[in-house]
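Chain nomenclature is as follows: A, B, C and D, assigned in order of appearance, with residue numbering initiated at 1 for each chain independently.
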Amino acid sequence: MTRYAYAYLGPEGTFTQQALMQWSPSSGGTQVPCGSVDAALEKLRSGEVDAAVVPIENSVEGGVSATLDALASGDPLVVVGEVLVPITFVACARPGTRLQDVTAIGTHSHAWAQVRGWADQTLPRAVYVPTLSTASAAKDLAEHPDDLGYQAAVCAPVAAERFGLEVLAHDIGDMTTAVTRFVIVSRPDCQPSPSGKDKTTVVLYQRSDRAGGLLELLEQFAVRGINMTRLESRPTKDSMGSYCFSIDFEGHVQDERVGAALMSLHRVCADLRFLGSYPAASGADITVDPITTDEAFLEARRWLERLRALGSPDA
Amino acid sequence: MTRYAYAYLGPEGTFTQQALMQWSPSSGGTQVPCGSVDAALEKLRSGEVDAAVVPIENSVEGGVSATLDALASGDPLVVVGEVLVPITFVACARPGTRLQDVTAIGTHSHAWAQVRGWADQTLPRAVYVPTLSTASAAKDLAEHPDDLGYQAAVCAPVAAERFGLEVLAHDIGDMTTAVTRFVIVSRPDCQPSPSGKDKTTVVLYQRSDRAGGLLELLEQFAVRGINMTRLESRPTKDSMGSYCFSIDFEGHVQDERVGAALMSLHRVCADLRFLGSYPAASGADITVDPITTDEAFLEARRWLERLRALGSPDA
Amino acid sequence: MTRYAYAYLGPEGTFTQQALMQWSPSSGGTQVPCGSVDAALEKLRSGEVDAAVVPIENSVEGGVSATLDALASGDPLVVVGEVLVPITFVACARPGTRLQDVTAIGTHSHAWAQVRGWADQTLPRAVYVPTLSTASAAKDLAEHPDDLGYQAAVCAPVAAERFGLEVLAHDIGDMTTAVTRFVIVSRPDCQPSPSGKDKTTVVLYQRSDRAGGLLELLEQFAVRGINMTRLESRPTKDSMGSYCFSIDFEGHVQDERVGAALMSLHRVCADLRFLGSYPAASGADITVDPITTDEAFLEARRWLERLRALGSPDA
Amino acid sequence: MTRYAYAYLGPEGTFTQQALMQWSPSSGGTQVPCGSVDAALEKLRSGEVDAAVVPIENSVEGGVSATLDALASGDPLVVVGEVLVPITFVACARPGTRLQDVTAIGTHSHAWAQVRGWADQTLPRAVYVPTLSTASAAKDLAEHPDDLGYQAAVCAPVAAERFGLEVLAHDIGDMTTAVTRFVIVSRPDCQPSPSGKDKTTVVLYQRSDRAGGLLELLEQFAVRGINMTRLESRPTKDSMGSYCFSIDFEGHVQDERVGAALMSLHRVCADLRFLGSYPAASGADITVDPITTDEAFLEARRWLERLRALGSPDA
């Protein structure tokens, strides 16, 4: 009997692994670290794993392009859940290294962007050495420090611990409230039922031949009282100035108002990619206007059916 | 076997009778003149007649309040057709009367409003005597001229002819392009099938508790590419400043885009009264945007159904 | 020295005179009854009087077409005030006449429409005789009853009293809450200053060459948080299906948000007729969103001016 | 006499330097390479240089977060021009190295993302080594190849040439039509006059207390016929789900319709940061609706002023 397997953006010790452990704390599943978001999703598409965990949005840096783009193309996948992970960085080094000994710092460029303030103040003369990931900066420092050209790594606390490094400075991110949102992705034959506190993710492609554009798309949500919680514009890669929109909104594809909005968007858009309905991590209640409840939609449909039946020859 | 019977806003010789003859030129039906729009619709509701012909809109005077209000309340009735009648007035009198003999003119107040320019110029000293209708002005003049206090009647050409009066002046309306639109009304169990060139009439009542108001209602048409051809605001009689809206738009209740708009309006409005879908008198083709055709709506529904089925346990 | 003179829709004893007395209770002005709304406004345009009082809207019957149309064309006039008059009808007759003696009732057709319920129940066999006005029905009955063909008049209480008739039945209107709104009209060189509780009246003509139509016009109010209190569509008399819109909204032409909306409408409309800003009869406070106060608009203009000045060669 | 100085995102040999040379081909200015976008803009803010050239948008990767964020905070700067640079990558190595000798490739992570397809196919076993920039990958390879751990660099053609490397493969980007847009940034006291073919860039921050959100912001452009050419949502860094919007649209701050839209947005937004009006690189004509020309706006203002003056005591 096979165990449930998760691919995730590795290596071990990344914030993504932390997200996975938050999502599935029990040790019941296999964890498969991958070198890139694309690689993780590829393992999922090919059936090697049952789900993948990837970052989708950071409260400081914005949307994660690699994930947004990988979900928007290729064989369909759906988001089945989300996890919010507070992002805290540590500076760490091999035991015995002191802060004043550090002349170079290794980390991923995204992490570097978030600790620049600390670095400028604490180690103004240290140079930056880019690495493949924050975890690999720590791992390489632990395993073969001599080839690296840096004496300290910036990484997640979990990575410092795992690779036996000593923390020189805690919580060094410039934004102490930074949070990254991770999504759990699955193949589309396995989707969560409505929980009453759901979000839905879609990618909308505008028709090039329609004026109004984004305004027309957003109105489809507005006229049905649907609240949007994320909007990312992404280039469609065809030409400069051509965009698609990655959107999260409140509600589940099985909700009537969501179904109505999706049908309209399907007509209005050049393309619409559905990326799943899943319980919101916030767990907050969704306020639904009385005129956009399921019952209001169903009552309207029954009314129309009576109206149409009344005048027909068979009535 | 009973013959098909039409009630109409009488008496004989009115523009409404002219509309009825335009609608049903053959002599196959019974014509029942009524003293008011209410009376004509009452005969229809009670089953005494099969249809009623009443004026609904005049290109000079605007909507006919009595008709709009009578259709908007009481047992449901539906419009099944419409007729446009050019309005031309004549001034007529008993044979032998000359224009210069006329010191008083009898007609209905609406007709008087439309010939004031001619009267001010031709007979500046003539006084106006109100009558029940333009046709009764002519009939009374023909039948008992002595009690009336007027020597000339303003009426439809057909009335002058019918009651044996002599035309003193032709086509005396101030607006030579005046047209009145008449509707043929039926009980709701008998409605025309889509002809491809249809109009639909509804009355919309706003929810008092919603901001946005009329704008929100009109957006329901706009987002579905539905063209509005008439809009009349009417007081709801509850209080000053409370309105309902009598609206004609292009399309048939059996059209997908119309059905979708009606369902939304049913949710958004305090009340929605459907007053029928029927072939437009103009016979002009309706231009439907490719994204709002029946096929576009049906394809969107099939897409949503596949989407919902895919992730469900039964799929 | 001339006294201030008011034209009004006469004759004496009409609801319009009652409105005038409500507006200007002191006996300081001359009252000039006129035979029609057009005649009253003509006296104002020609300088014979200083103001005119005419009905503009009835809570049962809707807009008064004659007034709406007369204000919308001809030399510009402006509304400087409004009065709400509760409409109550009495049935009255010459002293000695009993209700059971009445076989015919004289009144104006609009009043007749509002007492049909009472008449059908109380005097089901009485015939209706149209008159020029409710007041003339009473006056004629008092002065030369023999030629009339009716024994009872339906009119305002003030008319029964004035012409010495006896009231047979009080408050016989079918809608006991009926109210008519009257406007006080002046030449445009004399307009009231902002009172903080004002309304503005305009007539908007759509451009025939613009899609969107009414929606586009209404958005100009919506984007500036301006509340609309009356909307009447009126045919433009050019052709069936061509409308202008008579609109009341909250605010004064001197308010920044109103000025901004009017400038936009001036661009967007084929024509815009300004019909005055004046204190609302209701006296209710107007709620202004913090982002649409005069100060918000002025601060935005100052900000733009600084922005433009900064980069200019002279800065 | 000082020469005009440009800071740019260095080192020498980057696409940004190529953009600078495209903008200012003559050798009349000093070029100052900087280690980051922040550093380049800091030199500009401090007065060390007169302008800065930085990338803002890539047709494949989307907006450049570092630039968007650096412009949106700190002392105000304005965009005064833009340059489009087609992005073509080469793989290059020290003379004598053959493609089959390459076991590791050095380049910046953004460039790596754009040549993954080529790398997977041509050198499937080569590992990726992140570098500070594409140019530094080339420079380091030329100057001290032994410490690097890679034998080939992916960079701009100009960098291969400059550092004396041999091109192993030309035009290896996965998207052959990739284009990056660079902006020329200046201090706000020096802004270009309208050219008739301008764009304007702003950053809009939503008020948290207003429903409608983005829709309300976009309507301010739509009601004035202003065409949007770029929209990027960016997290405001306060909390997950709070966004600002970086927007380019057609027109110049000195245009009436643009001024009107900016004033409205200033009222509606929590904050609005103006980032300059400048000639569009495309040079394409802007189509202005007749109702939104400068003359239409000025005529509307004159009309309002006449209207307001007419009724005032001083008129």
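Throughout what follows, a residue touches a chain if its C-beta (ideal position, glycine included) is under 8 Å from a C-beta of that chain, and two chains touch if they have at least 3 such contacts.
By chain, with names taken from UniProt: A, B, C, D = Prephenate dehydratase.
The model shown is predicted, which means the values in this text are computed figures rather than measured ones.
The fewest steps needed to get from chain B to chain C, moving only between touching chains, is 1. Computed from the mean C-alpha positions, the centre of chain B lies at a distance of 60 Å from the centre of chain D.
Rounded to a whole number, the gap between the C-alpha centres of chain C and chain D is 58 angstrom. Chain D has residues 219 in contact with two or more other chains. Across the assembly, chains come into contact as A-B, A-D, B-C, C-D. Interface residues of chain B, counted against chain C in their complex, comprise 38, 57-63, 65-66, 84, 109, 113, 116, 128, 130-132, 147, 149, 175, 177, 179, 181, 212-215, 218-219, 222, 228-235, 237-241, 243. Here chain D touches chain C in the complex through residues 78, 188-192, 207, 216, 219-220, 223, 253-254, 259, 262-264, 266-268, 274, 291-292, 296-297, 299-301, 303-304, 307-308, 310-312, 315, going by the rule given at the top.
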